[in-house]
Amino acid sequence: MKPLAKLSLFACVVGGLTNPLCAQNVPTPPKMTPDMTEFWEPEVKAITADAGNVAPSDAKVLFDGKNLDQWVSVNNPQNPAGWTVADGVFTVKKGTGNIQTKDSFLDYQLHIEWKVPATITGKGQGRGNSGLFLASTGKGDAGYELQILDSYNNRTYANGQAGSIYKQTPPLRNVTRKPGEWNVYDVIFTAPRFKEDGSLFSPARVTVLHNGVIVQNNTELRGPTQYIGLPSYSQAHGKSPIKLQDHGDPSEAISFRNVWIREL
Amino acid sequence: MKPLAKLSLFACVVGGLTNPLCAQNVPTPPKMTPDMTEFWEPEVKAITADAGNVAPSDAKVLFDGKNLDQWVSVNNPQNPAGWTVADGVFTVKKGTGNIQTKDSFLDYQLHIEWKVPATITGKGQGRGNSGLFLASTGKGDAGYELQILDSYNNRTYANGQAGSIYKQTPPLRNVTRKPGEWNVYDVIFTAPRFKEDGSLFSPARVTVLHNGVIVQNNTELRGPTQYIGLPSYSQAHGKSPIKLQDHGDPSEAISFRNVWIREL
Amino acid sequence: MKPLAKLSLFACVVGGLTNPLCAQNVPTPPKMTPDMTEFWEPEVKAITADAGNVAPSDAKVLFDGKNLDQWVSVNNPQNPAGWTVADGVFTVKKGTGNIQTKDSFLDYQLHIEWKVPATITGKGQGRGNSGLFLASTGKGDAGYELQILDSYNNRTYANGQAGSIYKQTPPLRNVTRKPGEWNVYDVIFTAPRFKEDGSLFSPARVTVLHNGVIVQNNTELRGPTQYIGLPSYSQAHGKSPIKLQDHGDPSEAISFRNVWIREL
Amino acid sequence: MKPLAKLSLFACVVGGLTNPLCAQNVPTPPKMTPDMTEFWEPEVKAITADAGNVAPSDAKVLFDGKNLDQWVSVNNPQNPAGWTVADGVFTVKKGTGNIQTKDSFLDYQLHIEWKVPATITGKGQGRGNSGLFLASTGKGDAGYELQILDSYNNRTYANGQAGSIYKQTPPLRNVTRKPGEWNVYDVIFTAPRFKEDGSLFSPARVTVLHNGVIVQNNTELRGPTQYIGLPSYSQAHGKSPIKLQDHGDPSEAISFRNVWIREL
């Protein structure tokens, strides 16, 4: 610890010591009592959670192992999600298109687990490619994509591997598990805010833990994902569905389980 | 989604549509190719982790169930930590004082699990009180305290319960489990930075998941914890040990296990 | 400049030099052309301004030297402002109460000039006390106060002098001019934003130049000003009037001139 | 103002009213006294300034109308700046290269005035092109450039006109005055900070007033200016000189006056 250098606001009363640089003839604020900085209200809401596979008691379960009732087709939102449900997981059904939640969300915590087949083939972006769109801002792939990819011994561009904000920010570490093993994403998303005139007020931000390791630490998003060119916030939006990508690759039979969300 | 209102930087080329508000006689930036925004270097370091009880492969284990070799007494750092190790956990030994890590850290991710005895008695702050000091800035209780307390059916001031930045910021939720059950803290800490003259450049920030639930979301800390009065950053510091509190209460036999840290 | 240490995203192609740490067998993004990062739309709006006494061409003039038509009584908003206009300036009329703008504003740049009489008496807070409320959140003194006070050779508490966010943040410097001379505040204010449920999304921020010197640099406000106790954001609000304070002191005949605002 | 919705921290004691949602049987923090939040130390340093042409009393004058003793050649820092001084201003001397301050700075407020000749010719980037490098990170044009250009009735790309962070962020408004008239930049710059390993801790930020109008409001810089491609923070640096550009165009005889800086 460095010695006192430049004093900040309250520094004449540090640790019971009087700073000789402080004037002696000016008032010293009266000492507070401990309870003056103890605030009881409002009471913090109690919930139950166990850091394991069970959703916290205040979460909305988006997939409970049984059906995709909370999901619809992106391109035809009146249609049910066309992906496959079996053995307590759901799996991309190639060619049926992206799916998204029935409900829309603003700021939230999301838990999702994903797995590529143990028998996966392909390389680079062509190996277990899907994506979690943190907010779906339109049809197709419009939105903010957190990449899902088999990045286990499968190098690609750093800002395109598992845990990256696609074409924006690489993950801090590559924590992808072997094909056939489950990966866990814990995501805390803060939606962008816009002014009345539609221009950006504050960008989206995201924190991601991949298999319990921080890979995005309050990362600022520069706009919805652009496959070509630079992202920007060109359209105001509010609450949005969450979307999963059917990337259309041959070897893409990516499965998901244990999906829940808590609005913040 | 709202219609285009005020256009942001690149908005004349949204989704293949031309905005009629944009002048037609000014240059349009040439289209990039997809690979112009694909960055391969530096390669993201690969590690292994499983979102469970095993420390990630790049973590430093601070407690492995066997001994407190990574910890020392706060008040006599040349002395070993005097707490009890048994059955793969370590437990506060009342009256031996706070303990802290041998090593110092700046920005990091920390995992720690804690438990109060199933037979705990007392109420309010007198029930399973300890604390995790995210950076120990001096002897005794100096530092930034993330509160540890039995907050299960035990109301106290909101900014003094488990998951709070003590005397500063309440947790978003009370996720404390029943006495006798293990609680998990996953902490991402960004240390404060100071200018050359010792004044504050940027405050500390912390994200905390309690049993997997976000309870502090990139919260700004207002200075080291003050039991009486208002916090402020009055002393510059750099890397610091991490500290655990011996609060000195009768019923405080709090236990810890599975402690690891990753520098960021 | 330090040598290359840890490489950031694009660091294999710095200044035409190839970094030997970078793998040689991975793709390098193709070079862009200069015009790929040259964005013409939307055109930036042109205005005129001269850094002097004349309001910029896109400003709304809140006082033009002639009348207080843009201002009303705070406590009876249907009543005109009761302060005195003479010689191109307006002056607090003791006992008539605070005044505020007819219009409401969210984010803005404000220019205002103020002066205490050359013959002023009193000391501390009792010497030329007024205040500029950056957003008036209710009757009386409710709101975010940028302090106005004769702080020339008149010491008071640091977070209560001219240029301070009252009872929160002292100015970086005391730039108050002699009684009888005009002071200039140039203020850039970002209003707080709230969530749908009324809780805080982002705090207010303010930058202030006092006589051309930066005294608040994107300072975060902790809530509306509290004369007693700690500020907090307990009530959501949107656009708000700007308010000037009639502090009620004997020697408070503070005058104002050249007031204009630009919405951001 | 919206009614109380979700209560924030201290909301049971708003304006003397008791919130019925708050429990009645929990402690209420004792009321503070007003002076508990009045902090006198450290005393704020007093300076003089007049928002006009005279430098504040704590500023370092970088050009006083007489000589370029505070400046050197960028490419040969042991050589004096080769630009022309006459009539109380200094002017780019084409072909002599960029010049930079002898001293280095970290965070600062800078005032500078610039003017293009009334007889200027050319268009787009070829009309009165120079640049203020907020930190010179190397030879040539390395650094963070705030664009200087005759943008009066001279359209170019928005992120390349006067007041822009060159090739990054357009100004909020085009406030450029007619050729032959003086423009004023008031700049508040926060330098980037780096970690020990050379990676970025926090990006540079800048606030700019152009002729008294805010054109950059705490804008985040994405790295040193890149003429081609995307900026990034690839090299750690600390205090740096401030640099002015000799762009080498025929019609570039840009003049400067009244340059001063205050370290923050």
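Going by the order they are written in, the chains are A, B, C and D; count residues from 1 in each one.
Note that contacts are C-beta pairs under 8 Å (C-beta built on N, C-alpha and C of every residue); 3 or more make two chains touch, one makes a residue touch a chain.
Just so it is clear, the structure is predicted and the values come from calculations on it, not from any experiment.
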Pair with more cross-chain C-beta pairs in contact, given A-D and B-D: A-D
Gap in Å, rounded to a whole number, between the CA centres of subunit D and subunit C: 18
Distance between chain centroids, defined by C-alpha means - subunit B, subunit D (Å): 34
Rounded Å distance, subunit A centre to subunit D centre (Cα mean): 34
Set of subunit A residues in contact with two or more other chains: 6-11, 26-27, 32-33, 35, 37-43, 155, 157-159, 170, 195, 230
Overall pattern in which the protein chains touch one another (line/ring/star/complete/other): complete
Partner subunit C, residues of subunit D touching it in the complex: 1-2, 4-11, 14-15, 31-35, 37-52, 56, 58, 109, 111, 137-138, 142, 155-161, 167, 170-177, 184, 186, 188, 190, 194-200, 205, 207, 209-214, 217-218, 226-230, 232-238, 262, 264
Subunit D residues within the subunit B interface of the complex: 9, 26-27, 37, 106-107, 155, 157-159, 170, 193, 195-196, 201-202, 230
Residue ranges of subunit D touching subunit A (in the complex, touch as defined): 6-7, 9-12, 19, 21-23, 26-30, 32-33, 35-43, 230
